[in-house]
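Notes to accompany the following structure.
Chain naming follows the written order as A, B and C, and within any one chain the residues start at number 1.
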């Protein structure tokens, strides 16, 4: 769905943030991880057309990003910003969610339908007339997710969705990701929460100092202990437990681990 | 010695109809490391702010009961007076920078200048705080010119320089990357080793289980439990209170593996390995 | 560094001078041409100001400011030279226009005063750390709260600028066209204001709390980490400037 070739970027000359990135992003849900400053956000901004590449090319569904404005690209690729306060600007929850679809030229009735469906998904459908600024931080983040989901783009990128979320908030986001996957959307995220990556994303790409140093199935990636360490990334807690116990298998979820243990006992 | 005594604390923000804290009572000993957990809006931040007098002095609102910090009843003293006993660090490292100082070194001095500390003493304290938080190499940098983890450690150093005996940290790592969080957690452990009483509100349960002597579980403004991590995390009703136990506890619970000779499940990686190891290896 | 301060680090006599003396000099530059309106006096003051800027080795930094000022002054000179009521003495013609001596002299008078004041302010701004300036005012009795507000503006404006960029990006991401002609850009600008203002208000609340717990409202006397910037001759400079102003007044009244 996304082809990136030979991509480099620098905010200041001589100080590159991304160096020669080649990636082929397919339908698998994908997490981008790495330290702050590794180039993750810059990469996503290039995909969105918010920045223009220094060198190299990005194609999204066979459209060359370079030749499109960010507003045009909004029809195929949606991005939820990390800080909801940067995104929210209407004074009603429903209007906020309808803003994107209306901008894309969807008619009002369809836009309302999209918005309602998205709000239901994040559990805010009973707060339509509230002022978004009266919501809690975690609700605001869910509202921002809904505002992008309502645009019904084929690709959705979430920037740090789990920050400020408690257990319930994370469960809601998990559900949203699952629903989007079922609708055949490509879901991508920039994230520091490795447990969440292991449970929800099929593919993981590790950025370090402007380069992709690891890329593959999430299970494969979290098995590469030494490379992860060099990128200052820690494996998920359950993976660490399995490893400490000396298992060869790389565990990604608690359920997997428990099943394995139960089978082992039954042997 | 009792460092903190909270008695029947009730608090309601202005313009709100609900009690943010509802009859909260507990006591904390000198030198303890206390974790505060609970779902969003359960009252964690409000409680943290009640320890330093921001509740009620900053927000006003309706207040009942008592918070006594090292003998001072918070309600009767100004925030500046209380700040000599207890300091607080917030989530967002950016908004804690005063914005009026040119270097990290001067930034840390801000509180000391306000308190009227002599210059010689100030320099001593700043050097102590810089070293404890391991940010001495950046002392001449602009406060804005730091990574998130460094910035948050500067915020902690700015509080530590004021020599409080208690430090309250309200989700200090939630906006940092893993390395930054790790730096901050290590710094907090160092503070605890110095004998400072620590109160930490945090969502990362694995860290809480590892560091805390006792865990205070809040829900809907009320104290649900206040006990050692093994007891709190072994509760069957954690989910109902919007909290997930550490991964290690959840695994051991599902496999019904208790800590030897107790009724509690392991809460840290090491404990879980001890309980789960031996079989299948 | 994220600050809009124009302070330029140099090691010169002017930099070593205390901020209050520089404020005295601004007073001097403001008053003298008013007390003694002769154009010669103005020229002397301008030359004096330029010499100070050269001594402080910050002259280069003033060029963008001066070129902006010159642009405005040029229009003043042209308009006054051509159209000032009371224009009599013709200097020269070009095309249908006539340039008159009276208007021109008046415009030059204005121009020198402006340049004079601008250079006095530049001396202060370019050679003094904003924090030093405010700190010395606080020591002289300015409320430390007002001092804080002044100084934090230098840091918080750049913060607002960068959040403005992020917000623009967020809106482009949701299909709002912000590139293109002036009308599109104007239309895109208004929705920006809400989030920028609300965002900085929220930050202000958090920052206010962070300041409170660091004793910002402490009632006792304040101390200072940095030693007061003492300039050996500050009393001489300040009294000298006052004496100069007094002399100018006396001259004006008596002569």
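One rule holds for everything that comes next: a contact is a pair of C-beta atoms (placed from the backbone, for glycine too) under 8 Å apart; a residue touches a chain by one contact, two chains touch by 3 or more.
This one's a predicted model, so the numbers in the text were calculated from it and none came from an experiment.
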{"item": "Chain C and chain A - chains in contact with each", "value": "B"}
{"item": "Two chains joined by the most C-beta pairs in contact, as defined above", "value": "B-C"}
{"item": "Separation of chain A from chain C, taking each centre as the mean of its C-alpha atoms, in whole Å", "value": "46"}
{"item": "CA centroid of chain A to CA centroid of chain B, Å", "value": "30"}
{"item": "Centre-of-Cα separation between chain C and chain B, whole angstrom", "value": "44"}
{"item": "Of chain C, residues touching chain A in the complex", "value": "163, 166-167, 169-180, 191-192, 194-195, 198-199, 202"}
{"item": "Of all residues in chain B, those that touch chain C in their complex", "value": "49, 52, 54, 57-58, 78-80, 83, 87-88, 90, 92, 94-102, 105-106, 109-119, 122-123, 126, 142, 144-145, 155, 158-159, 162"}
{"item": "In the complex, chain A residues that touch chain C", "value": "45, 48, 50, 69-71, 74-75, 78-79, 81, 83, 85-89, 99-100, 103-104, 133, 147-148, 151"}
{"item": "Chain A-touching residues of chain B, taken from the complex the two chains share", "value": "39-41, 147-148, 174-180, 203, 206, 239, 242-244, 246-248, 250-251, 254-255, 269, 272-273, 276-277, 279-281"}
{"item": "Parts of chain A lying in touch with chain B, wherever the complex brings them together", "value": "35-37, 136-138, 163-169, 192, 194-195, 232-234, 236-238, 240-241, 244-246, 254, 257-258, 261-262, 264-265"}
